[in-house]
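Given below, in the form of structure tokens, are the structures.
Next come two complexes, and both contain subunit A; in the first it sits with subunit B, in the second with subunit C.
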Partner chain A sequence: MAADIRPKRPFRWHIGVFLAPAVLVYTAIMILPLAGTLQLSLFRNIEQHQVFVGLANFRTLFGDPNWSVNFWNALTNNTWFFIIHMLVQNPIGVMLAALLSSPRLRFSAFYRTAIFVPTILSFVIVGFAWKLILSPLWGVAPHLLDLVGLKSLFTPWLGKEEYALTALSLISVWQFVGIPMMLIYAALLSIPEEVIEAAECDGITGMSQFWKIKLPLILPSIGIISILTFVGNFNAFDLIYTAQGALAGPNYSTDILGTFLYRAFFGFQLQVGDPNMGAAIATMMFLIILGGVCVYLFLVQTRLRRYQF
Partner chain B sequence: MTTKLLTALLLGTSILGSAGVAYADDVTLNIESWRGDDLAIWKDKLIPAFEAKNPGIKVVFAPSAPTEYDAALGAKLAAGSAGDLITCRPFDKSLELFKKGNLADLSALPGMENFSPVAKSAWQTDDGKASFCVPMASVIHGFIYNKDAFDKLGIKVPETRDEFFAALDKIKADGTYIPMAMGTKDLWEAATMGYQNIGPNYWKGEDGRAALIKGDQKLTDKDWVAPYEELAKWKPYLGDGFEAQTYPDSQNLFTLGRAAIYPAGSWEIGLFNTQAQFKMGAFPPPVEKAGDTCYISDHTDIGMGLNAASKNADAAKTFLSWVASPDFATIYANALPGFFSLNSAPVKMEDPLAQEFVSWRGKCKSTIRSTYQILSRGTPNLENETWVESANVINGTDTPEAAAKKLQTGLDSWYKPAK
Partner chain C sequence: MSTATRSVPRTIGAHAILLTYTAIALFPVILVIMNSFKSRAGIFGAPLTPPTPKTFDLIGYTTVIGQGDFIHYFQNSLIVTVASLFFVLLFGAMAAFALSEYRFRGNSLMGLYLALGIMIPIRLGTVAILQLMVASGLVNTLTALILVYTAQGLPLAVFILSEFMKQVSDDLKNAGRIDGLSEYTIFFRLVLPLVRPSMATVAVFTMIPIWNDLWFPLILAPSEETKTVTLGAQLFLGQFVTNWNAILAALSLAIMPVLILYVIFSRQLIRGITSGAVK
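Up next is the complex of A and B:
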């Protein structure tokens, strides 16, 4: 009976109206280009016409050694780039955040800012500055090592096949260590005092307090940081391009998916760009990142325990 | 910033546009170019010289940024708004425009007879039947040396390879100077200033290059591997940490007087003249035995063509004939020392270093870089691979044979020479 009396709920126009700008902008600048890329990867330019070729571009990418060797090389390098970030950037970020959140530390605002500043620098500046710092001719690195008598440790890192990628990964770590630091710092600050006090009452202090109480509470943040690092690293391009050029030398040892995509899509010097093959590589990058994010969302995040305060 | 610049440019073009209306009786030709650096030379020297001789034709030089040129030109040509005259990149990029019908055939243009076949090769169809751009300038490879250093150490300019390496040994033993300023970080130095610089002496210039394109020779042949063997020998003479030495590093190392020899392209002359505080000289790539024919890389770099859709084709052809004349060559070569006119008529140049470079044309045979014509059309790209492998050879990562084999395998995978 009551249902008859209740007025029919009017269509809630305002939801659509408020969603529209975001949906439209996101569709126009994200979804359409993405769909366009996926579509482009299924075509090939044959005598000035775009012809549908199905998965032929992907067969070339994986079947033709001229492409597949480069692709696997780029993927391996990219994975190493990611591993360095996970092993160096994130633990250091957590450590810095733990130090910064210590109430006894003086000038913590200064340290926080100083460590975060490189993050907002342009890649071009970072690449150029480090190229100069590490330059065997005019760099400060050989000079500083000389001052402490370790000149023999210096090698032209950016020019050696075996070190270049690791050196660049560490430069990138230097630049971005501020982001995990800030996120973890915020997470640490949000841990309620009562929890800490309770732990202290139970006799858990110092390092064991960090390992047993704080770390489990910030694990969700570490998960988010890992996935951000993953997406960022597999989309990386700028630093390698500014420091090593599009050919990602020496001997393609710093070639990552981003630079490989750039050469294929836009061409380089005499190499004419092939947008279709480029789109195929971009599609692979998209799938790799999508796969990684899915693994995280479905396998890792569901198992992380969240604590409600 | 960009928006402001764009607005300024748009305003600028609208003013220029109305300026064109004011001279409605005259024909106005627009030049598309990526050489923004040359704007002053065109405005102050070249265009007034042409307009003085050809009343009724006005010329406007309208360059765009080098990195944007190809894309911008393509868009303008498609939209029908491109200028009448188009500055041509060498080889495939211009050939593609010609095939699309954007560039007119200029084979019969008066003045084209002033150029040698090598000079025209950069802007011809593969069979050499149609030419579509007037060659403007080339760059020559060789070695620039620090004359003061050579005098101090009592070294005379090397002519043969043995003398060259003896000189390097002597500079190294003395220790004041780094024998040779070159790095492998940017890769192209090793290929362009290394391999393509000394190579022509081994593969006999055009003969070898043509045979490679025909498929009669392979990159794994002795003549093509030998330059790599010489490059591998350069390693001990390069500066400390040359693996991370960039191109600007090499330039600075030489102009600061810290290095004795610089494997060069002639485009450096302008910069070196203003920066170096010491006397400089130049010598061509050394030959095996004194008296051997020498070969130099005299690489075609820039040309000018006619937009096939131009409404002022006749005036534009008049202009192009002038570009093909010795008059143009003299003004251009003197304004830009190091960019040499391709004109067969000898051009009088003031700069002594530029004179030295261009004098080699008389005693040596000219060729162009071996990888530029036809051979860099496929994947893997031969030019890019040559960069990587040349650096590898100098770094010692690859033996000369291994490098040559990689290049030939890559080339074989897509290039089937016409039999």
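Up next is the complex of A and C:
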């Protein structure tokens, strides 16, 4: 046997010592609770005892109109939230990065730093600051619209059912546009000069150079950004909670999975908190996020060629 | 446009778009800070002008400092952030060293296991985390938050740091081994100082989400003694809906420390994003 032929090495304790703290904390606080939550979703509290009920919680979640209406509402809203991010945040991020990476652009460090400022602020600040700006009481938003002659367009967006979710999505886009900008900027910088020069020799410049040469080369980064956006969006909570409260008003029109989970698990006003139903919702969120990550890993990432320079 | 790549109109166009977006990004922040120094009449009368001697007023700040326990919340946030950061960096660097330096059975499996947490958010385990904290009596303690944030920060820290530790020269470590240094001394004395720049990058990445988090303070530590700044600001802002001076002052107080830190560390952060994180 191979082990007998090789000189026996003493057991290397130091590897264990180096790994132990991280693995222990990570397993105890992250992996086990995650598994525990998945497990709790299969139980129900009956007369102070946790009883195994199989998929009954999920049947309630999808079958009981009290739950299913809210769940599908939250999921639809969350999907819309994600779509807005993909359609607005990522194209703006790519555009800003493309402009920033143009050679010999002055003040590019200043622009980079300034555009990234909202990303470092907490949701509480962002949510409240925008609530004030959009508030009809203060009148900043109508005043600004008046300057460009569009005052008639103003309505209290956050208070109207049909606009509130879109308005909040755009606020979130405003906050996070710095992340795609930075990652795409980094990807654009790593394209070697020779590739660009070769394109210029062939007469491919300006916009067509971007579409034909640079965009295909940064597709892997766009893939990473999409999955980061997906995970972040389906796990979002703070912005909605700060701006609209746990009830995600008006009339649940801004309810997303995160706020729905919070109300189910913790209870709010008349609703009593139910950890098992909370766990069931968390399990659904887990499956959605896992599904997204799998689609990315097995379908998107393998098809996108990575170019090695 | 087909002939010149760096023509003047193009440059002007680029600057115009970037300037517009910079204005959009900074406008709300500037607006809030500017108006926090004004009297109520000034806030509503002329929200878009900077404070003049006539409208200058610090009433908002005096209300906030008199009312809220902001200094205390600030302390809590600082303790939680610094302690979590310390553990993430120490434990993360140790694990990254083990994974990048030694070849042992299960190495890549362990790496994959630790990387799982980059994609799956820790929030999804909240139900069981709360039960765990209740069972161990850690609810409403800062320890609970520190533990959670340490677990949350570790996956990315291990991932980024092991990329950097692979670049540390083997000759240096082997020279240390020949000189009879123990593996621990090699790690703490030789390797750690060399990866210090990347540690700073990881620190910034880890710090921002911890400082800004609302979910875990709300669920694990909502008591008065353990409130963090983010949670305290959230509750305070909810209470003072009609006192605009106080709200604007509280928002500005919450913005400024982060903004100052950002201006100091922005170079580090941006270099980190554009080099290490996308590898």
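Quick note on the criterion: the second predicted complex is superposed on the first by the 285 of 309 C-alpha atoms of A that agree within 3 Å, B and C clash if a C-alpha of one lies under 4 Å from a C-alpha of the other, contacts with A are read in each partner's own complex, and residues count from 1 in each chain.
The rule we apply is simple: contacts are C-beta pairs under 8 Å (C-beta built on N, C-alpha and C of every residue); 3 or more make two chains touch, one makes a residue touch a chain.
Given the structure is predicted, the values throughout are model-derived calculations rather than measurements.
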| item | value |
| --- | --- |
| First, second, both or neither for A:174, with subunit B first and subunit C second | second |
| Superposition-derived comparison: subunit B or subunit C, residues of subunit A touched | C |
| First (subunit B), second (subunit C), both or neither touched by A:192 | neither |
| A:159 touches, of subunit B and subunit C: first, second, both or neither? | first |
| First (subunit B), second (subunit C), both or neither touched by A:143 | second |
| Touched partner set for A:269, first subunit B, second subunit C, both or neither | first |
| First (subunit B), second (subunit C), both or neither touched by A:122 | second |
| Touching both subunit C and subunit B, counted on subunit A across the two superposed complexes | 138 |
| Complex contacts: residues of subunit B adjacent to subunit A | 91-93, 100, 183-188, 239-246, 249, 252-253, 371-372, 376-377, 379-384, 387-388, 391-392, 395, 397-398, 410, 413-414 |
| In the complex, subunit C residues that touch subunit A | 1-6, 10-11, 14-15, 17-19, 21-22, 24-26, 28-29, 31-32, 43-44, 47-48, 87, 90-92, 94-95, 97-99, 102, 104, 110, 114, 116-117, 119-132, 147-148, 150-152, 154-155, 158, 182-184, 187, 208, 211-215, 219, 230, 233-234, 237, 244, 247-248, 251, 254-255, 258-259, 262-263, 266, 269-270, 273-275, 277-278 |
| Interfacial residue positions of subunit A with respect to subunit B in the complex | 48, 65-67, 131, 134-138, 142, 154-161, 244-245, 247, 249-252, 263, 268-272, 274 |
| Subunit C contact footprint on subunit A (complex, rising order) | 12, 14-15, 17-19, 21-23, 25-26, 28-37, 40, 92, 95-96, 99-100, 102-107, 110-118, 120-126, 128-130, 132-133, 138-140, 143, 174, 177-178, 182-183, 185-187, 189, 200, 203, 205-207, 209, 221, 224, 227, 231, 235, 237-238, 241-242, 258, 261, 265-266, 275, 278-279, 282, 285-286, 289-290, 293 |
